[in-house]
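Next come two complexes, and both contain subunit A; in the first it sits with subunit B, in the second with subunit C.
Up next, the complex of A and B:
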């Protein structure tokens, strides 16, 4: 697999493989290997890697699965993501996973962790709480304890304890991973036609289903191609898409935004892979402390993260400026309370900064994009012609 | 202001429309061409049409300052930019009738009523919903069932003496209505006219919810259907509305013309922007 076309086609297939075949094959080669599934948005994958595990992102079913049983678990006013994931679990798609982490996104995901526990899916099921207090002695200590609990969980499954060396090695690998992803985003900021937003999405989504070593190798190959000219530049506007950090938008939606004349120069799809901004300190005597510090000081922003001292609206406007974007598309999953409750504040900041914006909602299995295309198309025209 | 060429291509569901414009303060439509897609690959049809028009005028793709698409523009491989259909129809209608205040874009899949400003900005719009019974495609289907070509439909409709109105809510119901009419021996002109009236009634609802103002310019493929325009005028009169309705022989090109014109506008804007940066 060397050409960009081959890589992209493999990524598309792997990203939406609901059986997670690649990760299961990786595990089958060594009986001490474990698969730990995690839900959006972020978990420190370094600790799983250091314990001879692979962290596999479970981002939902998209439009690849009909939800029947899942609807019996959740009320009609709950988003689509947890229904799809419980459906996957009940359909045995997640068999072979040793444990599951449910990051503190919202109550629906908290409830899902309970459902997994009651259904005895995996050998451990842990609600992974994010520290919301950014004092290193309070939030930092709490976060470190959360990570230690996961390390113990994995140790109880495979008897491998994450060592200092193992953690430092994992930190290095994930630092490389984030740097390579960031370079892709930087190239796309200047030359968005070289790699479409959909292609980028497939690459990142495949990356959470394979080992970090494999992903790094793949990213390097992709970068070797897109550092040079590819594709043809179009007179499109540049937008930042915000609000899709948890339930992922259908690929058709991303495509529709691009087809309507908008280059997506930054987004919060697959945010976990880009959660820590910059490198985590390498080769320390206390790598858990290094990961904690990075979480407290280098986290990006999302609606599940309550950093009152560093408001999300202001950070969004900074991102728009840094990416030289023309506007923001607020695109949130229907019934996603965190995203929808944050939206007015973020819109207010955009208005104050003179950043134009539009908004819409989706389900991960939305199949009709006519209205979205219409909105994005008129948004693009209004900026191109009248801004 | 220097003159330069722009091209606009409007990829619809049935037809592709292409225009070449000499852009200046007073833009001129140099050439136009329309082609039915039939069962061909629209990207290929678009490419062939473009090549043909360029060679006809001894031009190369590079001689076109801005090649803009509209409609299903993602099917056009070589282009500089894309504009949304509503924006281009507004501009195209304004070019054909500079006094236009309301535009009714009657395409193959829907009808859209658009309120525009003096400089062709879109102020507001209303469009038909998902149902196909208010669309050109529906008229084409019915005419085919009745053994008429789409070019004949307008004249046949104008021969009607006693029109039979079909369902204006659902294409499936309307088609059932037509089958019943045929079995009841209703004449073809009366059936066709009835369909036109039913579509006209839907358009009237759009115009009234938009609080449309006169003059109204009809664009899109259906604008060339004389029977449809007549039905619209009659229905307006019946309801006591004094709208002036205008159609134009180039109405089918309104989207493509709008794309070419906005392309020229955008080309100048980008040049000015570059000059500021430099």
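Up next, the complex of A and C:
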């Protein structure tokens, strides 16, 4: 698999393989290997890697699976993501996973952790709390302890304890991973036609279903191609998409935005892979401390992160400026309280900074994009007209 | 049903009314008296700490529910939606924002004072975090203190979690209180308030447990929300609160001895046909109509989870005046919505069995993911573990658009029929045996 086309088609297949075949094959090669599934948005994957595990992102079923049983577990006014995940669990897609992590992102994900506990899926099911106090001695200590619990969970399964060396090695690998991903975004900022938003999405989503080593190798190959000219520039506007950090938008929606004349130069689709901004300190005697510091000081802005003192709206506007974007598309899953409760304030900041914006809502299995395409098209036209 | 005119106001009701009147009076005069005002949330509230600094609490959720009962919430919610808030999100937040946009007029018709301190006790609900980020922007001059309550994800409270909370209290919360109030933290005073709380908590549990008697002398949901008011909000720790629960307990014990049934807005119930356990908050916009459907059918709620949002005292937890900060931390972590799903199921199962309920009913609230996400699984578990018929209805807290009287009534009538049939079958079986 060397050509970009081959890589892209493999990524597309792997990103939406709801059986997680690749990760299961990886695990089958060594009995001490474990698969730890995690929900959006972020978990420090380094600690799983260091304990001989693969962290696999469970981002929902998208439009690739018909939901029948899942609907019997959720009321109509709850977002789509958890019902797809329950459906996968009941259909045995997640068999072979040793444990599950449910990050502290909202009450739906929180309560889903209890549903997994009640139905005894996996050998452990852990709600992974994010410290909301950012003092290293208070929130830092708490966060470190949260990580230690996961390390113990994995140890109880495979007898492998994450060592200092193992953690440092993992930190290096994930630092490389984040750098490579950021380089893709930097190239796309200047030359968005070289890799489409959908292609980028497939690459990042496949990356959370394979080992970091494999992903890094793949990203290198992709970068080798897109550092050079590819594709053809169009007269499109440039937008940042915000609000899609958990339940993922259907690929058709991302495609529709681009086809309507908007280059997506930044987004929060696969935010977990880009959560830590910059490198985590390498080769320290206390790598858990290094990961903690990065969480406290280098986290990106997100709806599940208490933002008084560093409001998200302002950080979004900074991102728009840094990416030289023309506007923002607020695109949130229906019934997603965290994203939707943040939206008015973020819109206000955009207004204050003169950043145009539109918004719409979706379900991960939305199949009709006509209205969204029209809205995005009008948005693009109006920006071009006024520019 | 006895004639409502016959219903005399019980002494406890008068005490509560006076407590509330004084509270709102104090709030309306806060500017003149120089009393500082603290906005905070009900679950995991630190009322003893607030009182120890002589500050006055305001609970945005209580404002919202009162707006619901006064039929104002519909308009407030629409105003918040006009401002850009989505139709999909928690209506408590939107109602509160709408109320502020309309001058922040409280239930007595007077403007509520602005906060000097925003105390975000982030307990059991993610929306609180967002709500306070919004409040912080609306009141940029208020101090803001965040107290992150870890979730009981393992079904227990650990030493590390308590340490985390105590450190936050010491480093983040107390300094903000001292700054705003101009007073030093007085640990002895806090302990004194906490020991009062313990006594109120004891009486509150005794009140709740009187519903184990057949027939139950109280409705632990519809009347329960009134009974829980003082302990869950502004008064826990105060002498009046203790007096209230002492009085309430004796009144209800007296009713139980006389075999009297719960009092409703239309007088006393005459027959207990069904005993139910209810999960989920009630609807506030049509509270009376909603309650009436139950008492008209002779259904009494003998235990409810909603009355435990401010603390699950019947599981044994009491404040500990010896270790006041640790006690507050443990209190916050023990509130109902901070329990994990297996703990919630265990609690409900215990209620169904101990209170000899005939059925289990969920009122699923559109607004509230904290309660609602996972409720259908809770329902299945309870059905399997207890064998009682389970029922499910949907409404909202304060958005009148999501209360469909006809729909709810139909569903409840079918549910009560099911309960009736089961009773007949059970009684036939017992005759056969």
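Operating definition for what follows: the second predicted complex is superposed on the first by the 387 of 387 C-alpha atoms of A that agree within 3 Å, B and C clash if a C-alpha of one lies under 4 Å from a C-alpha of the other, contacts with A are read in each partner's own complex, and residues count from 1 in each chain.
In this section, a contact is a pair of C-beta atoms (placed from the backbone, for glycine too) under 8 Å apart; a residue touches a chain by one contact, two chains touch by 3 or more.
Owing to the predicted nature of the structure, the values given are computational and were not obtained by experimental measurement.
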**Request:** Give one word, clash or fit, describing how subunit B and subunit C relate on subunit A after superposing.
**Result:** fit
**Message:** Going by the contact rule set out at the top, does A:284 touch subunit B (first), subunit C (second), both, or neither?
**Reply:** neither
**Request:** Please name the chain, subunit B or subunit C, that touches the greater number of residues in subunit A.
**Result:** C
**Message:** Looking at A:338 after the superposition, I want to know if it touches subunit B, subunit C, both of them or none. Which is it: first, second, both, neither?
**Reply:** second
**Message:** After the superposition on A, what does A:297 contact: first (subunit B), second (subunit C), both or neither?
**Reply:** neither
**Message:** Going by the contact rule set out at the top, does A:236 touch subunit B (first), subunit C (second), both, or neither?
**Reply:** first
**Request:** Based on the superposed arrangement, let me know which partner A:106 touches: subunit B (first), subunit C (second), both, or neither?
**Result:** second
**Prompt:** A:211 contacts which: subunit B (first), subunit C (second), both, neither?
**Reply:** neither
**Prompt:** After superposition on the shared chain, which partner residues are touched by A:189: those of subunit B (first), subunit C (second), both, or neither?
**Reply:** neither
**Item:** Geometry of the superposed three-chain model: angle at subunit A (Cα centres of subunit B and subunit C, steps of 10 degrees)
**Value:** 100
**Message:** Touch test for A:158: subunit B only (first), subunit C only (second), both, or neither?
**Reply:** neither
**Fill in**
After fitting on chain A, the minimum C-alpha spacing between subunit B and subunit C in angstrom comes out at 20
**Request:** Show which residues of subunit C lie in contact with subunit A when the two form their complex.
**Result:** 83-86, 88-90, 93, 122, 125-127, 129-134, 136-137, 144, 146, 148, 150-151, 153, 160-161, 163-164, 167-168, 171-172, 340-342, 344-345, 364, 366, 369-370, 372-377, 381, 394
**Partner subunit C, residues of subunit A touching it in the complex** = 72-75, 77-78, 82, 104-108, 110-115, 117-119, 126-127, 129, 131-133, 135, 137-139, 141-142, 145, 303-304, 306-308, 311, 332, 334-338, 340-345, 347-348, 361
**subunit B residues touching subunit A - in the complex, by the definition given at the top** = 66, 73-74, 78-87, 121-122, 262, 265-266, 269-270
**Prompt:** Which residues of subunit A touch subunit B in their complex?
**Reply:** 232, 234-236, 259-261, 374, 377-378, 380-381, 384-386
